[in-house]
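Chain lettering (A, B, C and D) follows the sequence in which the chains are written, and residue indices restart at 1 in each chain.
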Amino acid sequence: MSTIEKPEALSDYPVTFTMPIQWGDQDAFGHVNNIIHIRWFESARVLYLEDSGLRLMLTDSKTGPILASITCNYRRQLKYPDTVHIGARVSRIGRSSMTMDHAVYSQELDTIAADGSSIVVVFDYEQNRPVRVPDNIRSAIESLEGRTF
Amino acid sequence: MSTIEKPEALSDYPVTFTMPIQWGDQDAFGHVNNIIHIRWFESARVLYLEDSGLRLMLTDSKTGPILASITCNYRRQLKYPDTVHIGARVSRIGRSSMTMDHAVYSQELDTIAADGSSIVVVFDYEQNRPVRVPDNIRSAIESLEGRTF
Amino acid sequence: MSTIEKPEALSDYPVTFTMPIQWGDQDAFGHVNNIIHIRWFESARVLYLEDSGLRLMLTDSKTGPILASITCNYRRQLKYPDTVHIGARVSRIGRSSMTMDHAVYSQELDTIAADGSSIVVVFDYEQNRPVRVPDNIRSAIESLEGRTF
Amino acid sequence: MSTIEKPEALSDYPVTFTMPIQWGDQDAFGHVNNIIHIRWFESARVLYLEDSGLRLMLTDSKTGPILASITCNYRRQLKYPDTVHIGARVSRIGRSSMTMDHAVYSQELDTIAADGSSIVVVFDYEQNRPVRVPDNIRSAIESLEGRTF
């Protein structure tokens, strides 16, 4: 397997990863089923949390990320065989939540096949309520994104 | 297995179905994984297309429904064992698209655990473009919903 | 939804449960994908562990069940829509392992569409090795199966 | 992403492919769920059919492969993050069926984490019965395997 470059279309996404489409990702319409994109978004989200140091920080305290909502726009139909690159970036940091953008780039189609976003809430599991995004997490994200929020 | 009634919380949803949560629907956090809700939304969407006569109408012509986007709000964490009731209703019919609302009711929690919506576009596969929602489809939905759009 | 009786074909299985086939369970061949049966086997296995009191017993000690192997024979192709009944029974108890049989009955086909078995090992997580099946677990299974092993 | 070599442990498998483990592949026990291996087996099986020219040959006629049974031995527990290499080889060709062996190699564990086999039957969909494995398919497999059956 040759080295895989990050596609230009995902240049605005600091965190990306690559997945082969599996034959079984397809449904009875012969296209990649709509839940597979949501699994890819999740993988990109988890990777972002790791790359930003968030997962470790959150593990050490009583607070953790909760997925509050997800949106996916299905722009092009995907088929096996293909390889997709999935990107994640943070586009907004609020008081206790942040918005993460996702995009799925298809090598075969050479374009973004789907995009969307997740809203992740920082949650205190002991007090059972959302809490302020910690300053060190905000800094870690700003460092990864190369900008301030 | 005893007879399962449609829960009051889904009274505004003309199409509903019931699913047991499977142990394997849970992820490493010990809660139902976020892609499972999207699978349930899909099942409710397909059932609505059938109950409204849409699937048959669409099968007979060159046009068919395409999923354009999906949104899910995760309001409560679900766990095994539980039984969920999933509802679907059409809340908007536009020129060539419609919005379908979804809700997931948990028997254990006795509340709506997740809700969201899908945008479905009526697509002409021969001309490769969206087409007007056919009048008979609009009528079938209005009949099912008990109101005009 | 009407009351669902346990099918005669599963009369030898003390533990059964019922699942609607979802449209998205189908793959690009238009049949239920082969991994779905394995998910159903797992659900039946977990239910058996609960009904026999095994899950609770195992939770209270340092030992627990590990899935060592699984086999599935695909006898008939399944399609949406259909309802399946999945059965589990223990057919062998060895020193530190047991064999559980599974069967999937299709309402539409009125026959067993798939069968197979799992080998479950009782494992001591502290000593990191298989241990003897506890006597109370053996008794609970014999009681559920109505025979001795 | 750097170039990934085929692991020595899969040297007997002419067809291999590589997959990152996704966080969501894990279940409530915090390990890769047992259905994921079966999905990987399927992907390796499809890839073998393509690499041997089988899929094309079968597409052009009225005959096609049907999965008759599958077995998986779970030898080691897999966790995220990890990368697995999955291998496929044909170990037996009978009159109308063949046995395909599978193995899952974990980079983190540096060992085979699971292995198993599939029985694939060549089926005539018009006559609705198994048929003899065609000579050209037998030759293609022998060429890929570097031996006669």
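Convention: a contact is a pair of C-beta atoms (placed from the backbone, for glycine too) under 8 Å apart; a residue touches a chain by one contact, two chains touch by 3 or more.
Just so it is clear, the model here is predicted, and its values are computed rather than measured.
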Shared chain contacts [subunit B and subunit D, defined touch]: A, C
Centroid-based (C-alpha) most distant chain relative to subunit B: D
Copies subunit A and subunit B touch via same or different residues, half shared test: same
Approximate Å spacing (C-alpha centroids) for the pair subunit B, subunit C: 30
Whole-Å gap separating subunit A and subunit B, where each centre is the average of the chain's CA atoms: 25
Rounded Å distance, subunit A centre to subunit C centre (Cα mean): 35
Junction residues of subunit B, two or more chains touched: 23-24, 33, 35, 39, 42, 80
Residues of subunit A defined as touching subunit C within the complex: 23-24, 26-28, 30, 33, 35, 80
Subunit D-touching residues of subunit A, taken from the complex the two chains share: 1-4, 17-20, 22-24, 39, 42-43, 46, 80
Subunit B-touching residues of subunit A, taken from the complex the two chains share: 33-35, 38-39, 42, 66-74, 116
